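Please go over the structures that come below.
Each of the next two complexes has subunit A plus one other chain: subunit B in the first, subunit C in the second.
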Partner chain A sequence: MGNGAKLPVPLTVLSSSEADAALHALQDASPGSLTVYVVPESSSLLPQGTNVYVGKHRSALVRAGQGLAALRARLQQLTRVMSFTASSIAAALADRVPDGQLGPDARRHLKSSLGYEITFSLLNPDPKSHDVDWDIEGAVNRYVQPVLDKLSVVANFSVDSQILYYAVLGVTPRFDKESSSFLLSAHSLPHVINPVEARLGSSAASLYPVLNFLLYVPERSHSPLYIQDKDGAPVPTNAFHSPRWGGIMVWGPGSASLPLHVDVDMVRVMEVFLAQLRLLFGISREELPPEFQVESPGNEGLADWELDRLLWAHTVENIATVATTLTSLAQLLDQISNIVIKDDVASEVYRAVASVQDAMAELAEGRLRSAFQASKEAVTSSERAFFDPSLLHLLYFPDDQKPLEIPLPGPCIFFIPACL
Partner chain B sequence: MAAALSAAALLLGCCGAALASGVQDQAEQFFRSGHTNNWAVLVCTSRFWFNYRHVANTLSVYRSVKRLGIPDSHIVLMLADDMACNPRNPKPATVFSHKNMELNVYGDDVEVDYRSYEVTVENFLRVLTGRIPPSTPRSKRLLSDDRSNILIYMTGHGGNGFLKFQDSEEITNVELADAFEQMWQKRRYNELLFIIDTCQGASMYERFYSPNIMALASSQVGEDSLSHQPDLGIGVHLMDRYTFYVLEFLEEIHPASQTNMNDLFQVCPKSLCVSTPGHRTDLFQRDPQNVLITDFFGSVRKVEITTETISLDRDLAGFENELPKDELATEPLKYADQLPVAQIIHQIPAEQSV
Partner chain C sequence: MAAGPLLLLLLLLLGAAGPGAAAAAAAGPGPGLGPGAALREELLLRPLPAGDVAAAFQFRTRWDADLRRGAVSHYRLFPKALGQLVAAQGVRELHLALTQGFWRTRSWGQPPLGAPAGAELWVWFQDTVPDVDKAWKELSNILSGIFCASLNFIDSTNTVTPTASFKPLGLANGTDHRLLRYAVLPREVVCTENLTPWKKLLPCGSKAGLAVLLKAERLFHSSYHSQAVHIRPICRDASCLAVSWELRQTLTVVFDSFTSGQGKKDWSLFKMFSRTLTDACPLASESKVYVDISPKNEEKEFLEVTPTPTSVHEAVVQGDKRTYAVYDLLSPSLFNSSRSLNVQLKWKRPQDSQELSTPVLHAQRYVSGYGLQTGEISTLVHNTHPYRAFPVVLLETVPWYLRLYVHTLTVITKGKENKPSYIHYQPAQDRKRPHLLEMLIQLPANSVTKITIQFERALLKWTEYTPDPNHGFYVSPSVLSALVPSVVAMKDVDVEESPLFASLFPSSDGSSYFVRLYTEPLLVNLPTPDFSMPYNVICLTCTVVAVCYGSFYNLLTRTFHVEEPSRGGLAKRLANIIRRADPVRRC
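Presenting the complex of A and B:
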């Protein structure tokens, strides 16, 4: 170790995760950095068959390999996994890239926003038969809040929950004799969401995008209900999600005597919902070769390096947004020569330009956290300037279209003496 | 030799099939729209009793769009809304769209976002461009993003290059085109479908220059759009011809239908409509043959099966945040006597304290 610190226990007796945790204490793991420890090829620190161990902080353990070429290949693959790649940056700029180059899949992640609203809803279409009990408050405090605390760098999150009674799905499930259960086929899933959506509601005050997570307890007459994938096999999670919208999970209580008290196992539910939250944000595990082992982030929901990847993507997206917004504003001002810009709009523009230059400088130095903060400020300022309500009057109702106002006093002077 | 040839032919055939299916997949992906949500902005620009048909037009489109799946939170409806409760309406609280009062399009669950004198050119442009005062509630905003397909339907009285708003102002085709360009600059839409049912409607889409816009109009420049049928009970014309036939066409559409835009272009030929409907697709990237009606009129979401879960540690005592208990001991509260009614009624004087 370069800084001469000592570990309390020799590395060789620790497992990979313990070693990673011990090494984490010695690192200077600033956001955006990546520390790679190369261990000898024959070391027993990594289990048999594993050549790369990706920790849940910002470090990884790599076997040296048979030669420099093998090591280089492993390091290249590791950086592609743990840090940003050309394609992930291109995906962040997806709305500025022409259609043909990226697949339709590239544009589905949530856009970078200053905040997000998360709503958990329990749908009970059959309250006569099922008395459903879900401890959402406890589950949010215990399982969701740690994940949101970790994501609090990215945006502000607000969480609410509701229970909707007599809310039915838009499709009728099919009865399958072999498994004596009801099945929802994959191609009917797109039509499930719409009838429910009208009843979901959203906070009237906030303008942040809403993520809906629905737990559906099917009616007694349609229990148990399973979701089928395209090949007809039942889905183990019994859940599906829609990009930029949220996810739905079907809970399957067994049929028993009425009224059935249903105790929802919030851990199972939250495991699915939090996985869907990761997917909606675009944090997903790509296919890795078997020699890679990735440590599970546990209750925190995501590893530090996954958070870093999200921040890289959002920073780039923010900077691109600011660039196009300010350019478009400048073009607008060029077109309309007699426009008058209010002082506060002008100051927002200056602030946006300064912030975005800051952000680019910080990115060049690799200081991810401050680059992201600067990019957020730049986006806030540029949006405020572009969407300022005063600009509308000047663009669409410029002075040369208003009717002439004729000063009045002249004729009135003659009338007033007549009235007196 | 023959065996080699036939083997080669078989191989080519297999390759050809594989290639074809690969190309098919790619083609499917390419022609699918990349939108994830749908919005609709429905504007009726007229007021007064004799413009009943414009309100009925807009409300009928509103109902179709709701039926096909777009929720109220994603519909911005601008109406003068002076029909249902108009003193001249023989059937109050209703707006009918068919002769013999078959279909009440007003219904119980109409959510009008901009009503009466709020339907102005300025508000319409504010909705489209997003330059809205911060105090505006969520229901009055168009919160679309770069993955939204937006349907914009306008009806009322129009002329060559302008559309009249409530008899007091007008919007020109240049302003409309500029508003769409502002939307495109901020990527406030993925694709936009613009439908207009007014006289000389085609003039309104002549000046569009932003990409991904498809436009339909009920009549060409120089032609008038005509109304459909008067109702002798109500005393006014109930609908315009073009919208009437568009709605008949939409009645056949359900959320899973595969009907495409080319069929919509055929709706209401000159024999039925008297005017010549027009359309404009040069700014649109996809071929109208591949654009589904439900891409704009409905809200069919792309879904994916969730195959991953994360693993949570069930008994993690450390993370349990103790909810703050209400520690203040509340004293028992009494309800104070608000008014000594008994004393007042029986004229009992209040007891004097010594």
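Presenting the complex of A and C:
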């Protein structure tokens, strides 16, 4: 089932990626939509052994299969990969679903926020013997900025970098005689982050959550330094990441010779950091059967349909956040009578409710981008209403300052029932 | 209104700001720093009369970058927290000082960098900032978080906009004084929790270089402790086509020979800081220790320093010709003989015969009067120069609850009235704005000028008193800025070549140097109510009402009747007891 428009070149002579690119020009790819082209079983458009080809925009090519049942199974699997599933939505609501119903990967992804700050830090614990330099500005412009431009639909990003000297990891690595190198075991990794975090500092410019990517150049007495995974084998990328915080990479074998100048290969470093960024956002892919072939997104870092998945999850999470915030506010008002609600706070609450209803209506229609915008406005309004400082003006008003009606009729209270 | 001297003084103060006349090229960056960043560190040890010693640290980071708003910034030596702050709030110059103690100008001479007691913050904003007051409030709150100081108490009741003092110290295009804000918190206490974040901003932290000497338990065991942060834009090189940012962190401390409990007045780095220097910061392009060995009264030498200094430097600083012994921590010969450097200062002659050399300009301030209704603030400004007169700008900030009467302002020199050539007075608004009084006064040679103004104390609302109102209320120190004529002619200062202590206030005119002095803060008692009275009133009223009302009611409604002897079982006896205990019979 294709559409009836004309293509400049017959499809059969193109490779699958070129076909996908050519078809992309003809489709109406609004965010949230998926276009599936079914090709005959014997077509040579898809290479041998591949039944499904997932493009980097919002389309896919599927072989028709032996019968309708096989086609249906393939289409079902395809939609589970390219669009949202019950488990991905449950993961987005992970903070509100009780424990035990979710897998271990459920609470790893970054919470939805209006913006993120990304900080790249180079840790040099021994500047006397190591002279480390990295071309972070060029690397950010060349590798990181295209990914962030693609993600700019989701949130505002800002990037900066710093070099920290005399910053040590909190853990002493073990010396391993067989490989004559130092090893950081997997169970000591959680203790690495805390001492470093004191040096990283918080952002003075904005209130957005910060993603830290650290590159650690081990000191001469502790190099070469490798990270061990749970089985004891050194991790190939020599890096690890912590959900909702960021990632750390240890720079590879230092030069044992005395010219102590260390040149950091930014390509290797940025590969690892961008992979960690994808993991932190939850854009990574699960295992796919061998008959699936996914086109690589290239310099942009992620495909359009992966962006859509992120938007679905964030929209749902935003709506749930607004519901929780407004419910908490209502419960607080029930319990504490001293809270003042001014008119502008009330209007923010009304606006939040209206935006949430808008967002849910748009989601029902499948218009993802406007649903996401509405959900962002709803979150902004509800946060502004809940955290307004005027709510607390009379909160701690002491009871003894209230008009004193007790002393005078006090004794009467005891005598009146006695008279009755 | 003589605008002539005013204009001249203001122009001079302005012109003193730009060190653009420097002739030499900028020093190259240190190792591994990449283009455009340089760190210099320096320690100046200056013996004071009466055996005390003043130690002044300066760490200067120069960064060749443009901190425009929103541009992505990559930080190497410049701390990220301050860089983001400057970029986000549109700051052109920032000066923050936290001081404990008072610099005794008359006995110690001019301070290397003056600061008032408490916390002082003054900021010049860029002219692109849309709302300066909002940016000022956010800036003070963010700085309060970075330095763990209560700078969030800076609000409109202690912020002023001076018009003549506090001209920019860095590059400036125009000086619209509406972009300047100045605030002092005299009550602020400085302690270790302020020193730690200050040390964290240094590139080497306190792990290497001169910062290893900064141990909190020795630094706060002193008569005067002042730490400051100065950020300003400077010319990148002699042609001044591009702008660099300069961050100076300074720490001045005066060790008192009396409190450190030693009979002999010899000093050494170990005695002062309980540490010695082992190496220079690897990121620094220059790391030096200067010891002031200037001879007094044409004597040969009165101070002996060991080990032998690497060189001797002579300079004219603050109008005096001074000689310094220099220890260059980056020179390889310094650590040849021993692993650590412990500079020792030994007096060659007994100290008591030292003559105090009074500084050319010094001032005092005090409150006089009696009772809790009126009072008078007096400021005494001394000009001890034998034959030169010079003008001085006096800035006074008085809180709104001391209502100044400007018609009682008198300035008297040598018994005659001395009319200021420029007065700027902004009256206070209750609970909104403090008084601001700025005057340009010409000080004749060898004279004492007395400036007095009377005030009346206001009665505050009962919620406005601090938790300890009988301690008193502070009045911020007054600021005196002047271009003091120097006895010795001074050369143009080249920022990159000269020591740091000589280049914070460079002078463009070789015959005078810039001095900023602070007087003492004042402690004034306001009429204070007795805060236990509401409780007393409630207790008394309740007692009286309960006793009177209760007695009257009893008298009116109590009836008496004869009681039968008790007979009957336990239940009846219990019922009798209960009935007897009930004070009111059933009607």
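The definition used in the following text is that the second predicted complex is superposed on the first by the 372 of 420 C-alpha atoms of A that agree within 3 Å, B and C clash if a C-alpha of one lies under 4 Å from a C-alpha of the other, contacts with A are read in each partner's own complex, and residues count from 1 in each chain.
Assume a contact is a pair of C-beta atoms (placed from the backbone, for glycine too) under 8 Å apart; a residue touches a chain by one contact, two chains touch by 3 or more.
The structure presented is a predicted model; accordingly, all values stated were derived computationally and were not measured.
Enquirer: Given the touch rule stated above, what does A:I193 touch, subunit B (first), subunit C (second), both, or neither?
Expert: first
Enquirer: First (subunit B), second (subunit C), both or neither: which does A:A233 touch?
Expert: neither
Enquirer: Taking the superposition as given, does A:H241 touch the first partner, subunit B, the second, subunit C, both, or neither?
Expert: first
Enquirer: Who does A:A86 touch here: subunit B (first), subunit C (second), both, or neither?
Expert: neither
Enquirer: Check whether A:V159 is in contact with subunit B, with subunit C, with both or with neither, and answer first, second, both or neither.
Expert: So A:V159 only meets subunit C here.
Enquirer: Please work out whether A:N299 is in contact with subunit B alone, subunit C alone, both, or neither, and reply first, second, both or neither.
Expert: first
Enquirer: Which partner chains sit in contact with A:D131 here, subunit B, subunit C, both or neither? Use first/second/both/neither.
Expert: second
Enquirer: Touch test for A:L68: subunit B only (first), subunit C only (second), both, or neither?
Expert: neither
Enquirer: Kindly list the residues of subunit A that each of subunit B and subunit C touches, one partner per complex.
Expert: After superposing on chain A, subunit A residues 137, 201-206 contact both subunit B and subunit C.
Enquirer: For a test of understanding, state which residues of subunit C touch subunit A in their complex under the given definition.
Expert: Against subunit A, subunit C makes touches at 31-32, 34, 72-77, 79-82, 84-85, 87-88, 142, 146, 200, 203-205, 207-208, 279, 282-283, 538, 541-542, 545-546, 549-550, 553, 584, 587.
Enquirer: Using the touch definition from the top, list the residues of subunit B that touch subunit A in their complex.
Expert: Against subunit A, the touching part of subunit B is residues 29-30, 32, 34, 36-37, 69, 71-73, 121-122, 125-126, 129-133, 137-139, 141, 143, 145-147, 175, 178, 182, 185-187, 255-256, 285, 299-314, 316, 319-321, 323.
Enquirer: For a test of understanding, state which residues of subunit A touch subunit C in their complex under the given definition.
Expert: Answer in residue numbers: 119, 127-128, 131-133, 136-137, 140, 158-163, 165-166, 199, 201-206, 261, 404, 407-408, 410-411, 415, 418-419.
Enquirer: How about subunit A: which of its residues touch subunit B in the complex?
Expert: 95, 99-100, 103-104, 107-108, 111, 137, 141-143, 145-146, 170, 186, 189-195, 197-198, 201-207, 209, 227, 229, 235-237, 239-245, 247, 249, 267, 270-272, 274-276, 278-279, 284-285, 296-299, 301, 324-325, 328, 332, 386-389, 391-393, 395-397
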